[in-house]
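Per-chain numbering from 1; labels A, B, C and D assigned in written order.
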Amino acid sequence: MAAPTLEGVIAYPVTPFSPADGQVDTERLAELVDRLITAGCHAVAPLGSTGESAYLDDHEWFAAAETAVGAAAGRVPTVVGIADLTTRNAIRRARFAERTGASAVMVLPLSYWKLDERELVRHFTEIAGAVGVPVMVYNNPATSGVDLSPELLVALAERVENITMVKESSGDVQRMHRIAQLSGGELPFYNGSNTLALEAFAAGASGWCTAAASLIPELVLELYRAVRLGELDTAREVFYRQLPVLQFLMRGGLPTTVKAGLALRGLDVGAPRRPLLPLDGVRTEELAGLLAAAAR
Amino acid sequence: MAAPTLEGVIAYPVTPFSPADGQVDTERLAELVDRLITAGCHAVAPLGSTGESAYLDDHEWFAAAETAVGAAAGRVPTVVGIADLTTRNAIRRARFAERTGASAVMVLPLSYWKLDERELVRHFTEIAGAVGVPVMVYNNPATSGVDLSPELLVALAERVENITMVKESSGDVQRMHRIAQLSGGELPFYNGSNTLALEAFAAGASGWCTAAASLIPELVLELYRAVRLGELDTAREVFYRQLPVLQFLMRGGLPTTVKAGLALRGLDVGAPRRPLLPLDGVRTEELAGLLAAAAR
Amino acid sequence: MAAPTLEGVIAYPVTPFSPADGQVDTERLAELVDRLITAGCHAVAPLGSTGESAYLDDHEWFAAAETAVGAAAGRVPTVVGIADLTTRNAIRRARFAERTGASAVMVLPLSYWKLDERELVRHFTEIAGAVGVPVMVYNNPATSGVDLSPELLVALAERVENITMVKESSGDVQRMHRIAQLSGGELPFYNGSNTLALEAFAAGASGWCTAAASLIPELVLELYRAVRLGELDTAREVFYRQLPVLQFLMRGGLPTTVKAGLALRGLDVGAPRRPLLPLDGVRTEELAGLLAAAAR
Amino acid sequence: MAAPTLEGVIAYPVTPFSPADGQVDTERLAELVDRLITAGCHAVAPLGSTGESAYLDDHEWFAAAETAVGAAAGRVPTVVGIADLTTRNAIRRARFAERTGASAVMVLPLSYWKLDERELVRHFTEIAGAVGVPVMVYNNPATSGVDLSPELLVALAERVENITMVKESSGDVQRMHRIAQLSGGELPFYNGSNTLALEAFAAGASGWCTAAASLIPELVLELYRAVRLGELDTAREVFYRQLPVLQFLMRGGLPTTVKAGLALRGLDVGAPRRPLLPLDGVRTEELAGLLAAAAR
């Protein structure tokens, strides 16, 4: 296992689609990446769950990866997300991401037929073996349909040299405890469950992977700052302040809600891709109210 | 709702891949379809879960659909399976299936971000609206990540003219009861859970969607025959005789186990697509033993 | 394993409480038992889940057991239910049931702290060892908090001489398949999930344990008759006719709904014991409507 | 809602049984309570889940309550646990606890038949109405079989004057967030899930209800101290140090494991009550090893 390279707030931009033709709006994507870096986020991770990675065809995905990494321009690390059903396509995208200059790739193992451990190990080993950049293995059973146990995550990191980080989005802090225990505290883990942000940091998470940074960057960054300084009361206060927004984002699906929030912030990034539909009017108003309340 | 057009054993062939280059082996696929029809199956459904539909790129999928429907040559109805994450690609494939002459399409709503009812209704309505053939809505929460309630299934059939059949693979016979109740017995439902075959017929299923027909067609067809004749004791006996095979197939994943079984039957259809791996030696021997025991 | 002694419809009476003082109304209980036998039920099982067995103190429980077994007067077999948290109290009640002349006892393993297999085996072995009558082991994870696997159920029957029957109320017909497979069809199993009645018989259940016999005895008995004669279409028709009643009973909790139904039938058996509350007016009307519709 | 009266480490003693006759060993219980107070615990809670409250008959329960409250002798607050299936018996025990001088009662709603909200509200309201001391409502779905939502918990505290505290043992920190949000931070909540101790404090829990205080009081108290002083790094370090012990205790069931641990500490408190069995030799050695490692 290599040393951790990422720490703090890792911001996940949406992938904007042109309202005109539904194609990836690379100009807008570059703008989003720039805003996240300017706001102070410690890394940017395009094409995550929030970035609708799995909904893009190869051509679109390549364009988005190239644009986002290019826009970061080395100012902060970039982590490009890969969520493919087949090993061969995951490899193709991982290699492309590396060629664009991504600092790392994050790999989520989509499943249709359940994968056993042998299949999962082979899948990750082949992808990691195809690139030279560090790989973050991403556990998100709710979206991927496959649940990577702490035992498997740590075994992968021990076995494969460039698997050096794990992202835990099961929402169960006990998983983080197990990762810390099994790796002797050596394997950096990142929290992908927004409403667990406070507790994950308490449990020792190296970072918070979040789409909320697009909407409430100050609150997101302030939570991290307070935790790092050991100001637990402040951290709790700022967490509860932003919690209604975080709950709303998760409840409605990140691409849907974050795109609606960006429109409220004056940035039109189009709708999520069908079958996902834009947030309806009632809920958009609710989101506007929550954003206003959090800002107070 | 139109009248039911399908009844009995609906056989799901695997999609053979060439051992040489991993490409779809259309010649072998045609052979499989022919065998299923010759064996007496009442319909053939290529590109289902068993057919690794979701793992194929467009080009491969088109070739498989064309081949399978062509091989059936109108001898029995054909139902082509569609499992796509985006509405636009599901429509593209549905239209192609219709052009090849498929009798119907079966649509499974893959999900990454959870879909709400509004999104699901829109998804199915748009796909059904894009074709003229009947649509079978397919509920399989374990593979698709989305669970279609009996209420939603019946509402879709009532609302959309060419949604005329539902396939239930949740494995819960209470879902079938609800569909029968909500539709006043008018909406034909098909069972996709092999180990529920006996009980689903008892509950009134119009058919059994099964990959087992590739390996043990006589037993599969005999179960249906006994049920239709009201020979419950015979049906139970023949069901328990094949049950160990059905349990094995489901436990190991249908493409993996059925491909291994076909190899045991002398038909090399290649391996399932990565990350799926071929059945290992120990389990292949176990399958051979179960097939032999069922044949006795 | 001994030969099965029970077959058909095993009727579970409620335990009536006096509206005046909440005490067990033994006179009414005797009347209920008599009605069930007169209606044609093949066995009677007082103090089951429906009989609020776990809610009674020892004195009350003893009175109810004695009354019910006495009222049956040997006309049909009696199975007395035991649901206790401690082994010692379960033994005390089992011995008492035997002394009253019960044909068998049914034992549900209540749990607070989860029991491991060693503890469960010891619990059942000690209870069965304390009596001479046959023991029916009862799996009902939803009410008891402990789930007895088919493997454990069959192992208990193989290991302990007077454990000769199992009752399955998980609602999962696959459990019944496993019991049949593991015991080579030798261990009689009884279905305790009302809405699974048709399918459980199809799968080979020896009997149906049901509280519905108190309200719709003709339909319950007719389903069994049709199944035994192999009249599957009739069985399905009569099952769907009574299904709305069965669904209602299960949804609302059996003591609550059956007591309300008996009041509608003109037999006041009091309210269930607190914290259980009587069925409210709206739902009582709904039940009246369902009973009327089933009778048509 | 009254002001919170409890804060910090609330220690849950086991109920010792005499090895000779299995009866409650009141002398030993008094000794346990004294040790917990001497060690510095902020409150003592006899007859909780750890105290096998639900396994005792009335006579035993009364003796244990009287002994424990008497032994505390007003040095710290006492909270007496009640876990009964019927409302009437819960009231009887609550009244007895009040008469012994308990500072508060903690009520867990056991269930056999599922309780709806109307039944739960009535149950708690009647119990609280029967006593004058504050009531802590206890949610522990794994042992009780009923899950009290944050909405219900907060509604109960708003509606009933002496329901002033809730204990959350679902293990889901999001429940705590909801309680804080719904009550505007006014309803004190206590964490009953040992392996969530660090994160629950981070989320704002007023106290930690724990049986671990009997075995590793210094570590338990040090975690609380560090959190209160805002020393997050120390808190995390001391939490991970004791975590293997906490995980072991929860995995094996608290009465079983804590009694084994007390024997290792030289205090023979007998076995848990059947069907619970004493910890076996292998696991007792494992526990000894974990206790030794945590002490280092």
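The definition used in the following text is that a residue touches a chain if its C-beta (ideal position, glycine included) is under 8 Å from a C-beta of that chain, and two chains touch if they have at least 3 such contacts.
Everything numeric in this text was worked out from a predicted model, so none of it was measured.
Trainee: Which chains make contact with chain A and with chain D at once?
Mentor: none
Trainee: Taking each chain's centre as the mean of its Cα atoms, which chain lies farthest from chain B?
Mentor: D
Trainee: Quick check: how many Å separate the C-alpha centres of chain C and chain D?
Mentor: Here chain C and chain D have centroids separated by 35 Å.
Trainee: Could you give the separation in Å between the centres of chain B and chain C, each centre being the mean of its C-alpha atoms?
Mentor: 38
Trainee: From the mean C-alpha coordinate of chain A to that of chain C, what's the distance rounded to whole Å?
Mentor: Whole-Å distance between the two chain centres: 52.
Trainee: Two or more other chains touching the same residue: where does that happen in chain D?
Mentor: Where chain D is concerned, no single residue meets two or more other chains.
Trainee: Touch graph of the chains shown: is it line, ring, star, complete or other?
Mentor: It is a ring, because the chains touch in a row that closes back on itself.
Trainee: What are all the touching pairs of chains?
Mentor: All chain pairs meeting the touch criterion are A-B, A-D, B-C, C-D.
Trainee: Which part of chain D faces chain C closely enough to touch in the complex?
Mentor: It comes out as residues 49, 54-55, 83, 85-88, 109-110, 112-115, 118-120, 122-123, 126, 142-145, 253-256, 272-277, 280.
Trainee: Across the complex, what residues on chain A touch chain D?
Mentor: That would be residues 171, 173-174, 177, 180-181, 185, 195-196, 198-199, 202-204, 227, 230-233, 235-236, 240, 243-244 of chain A.
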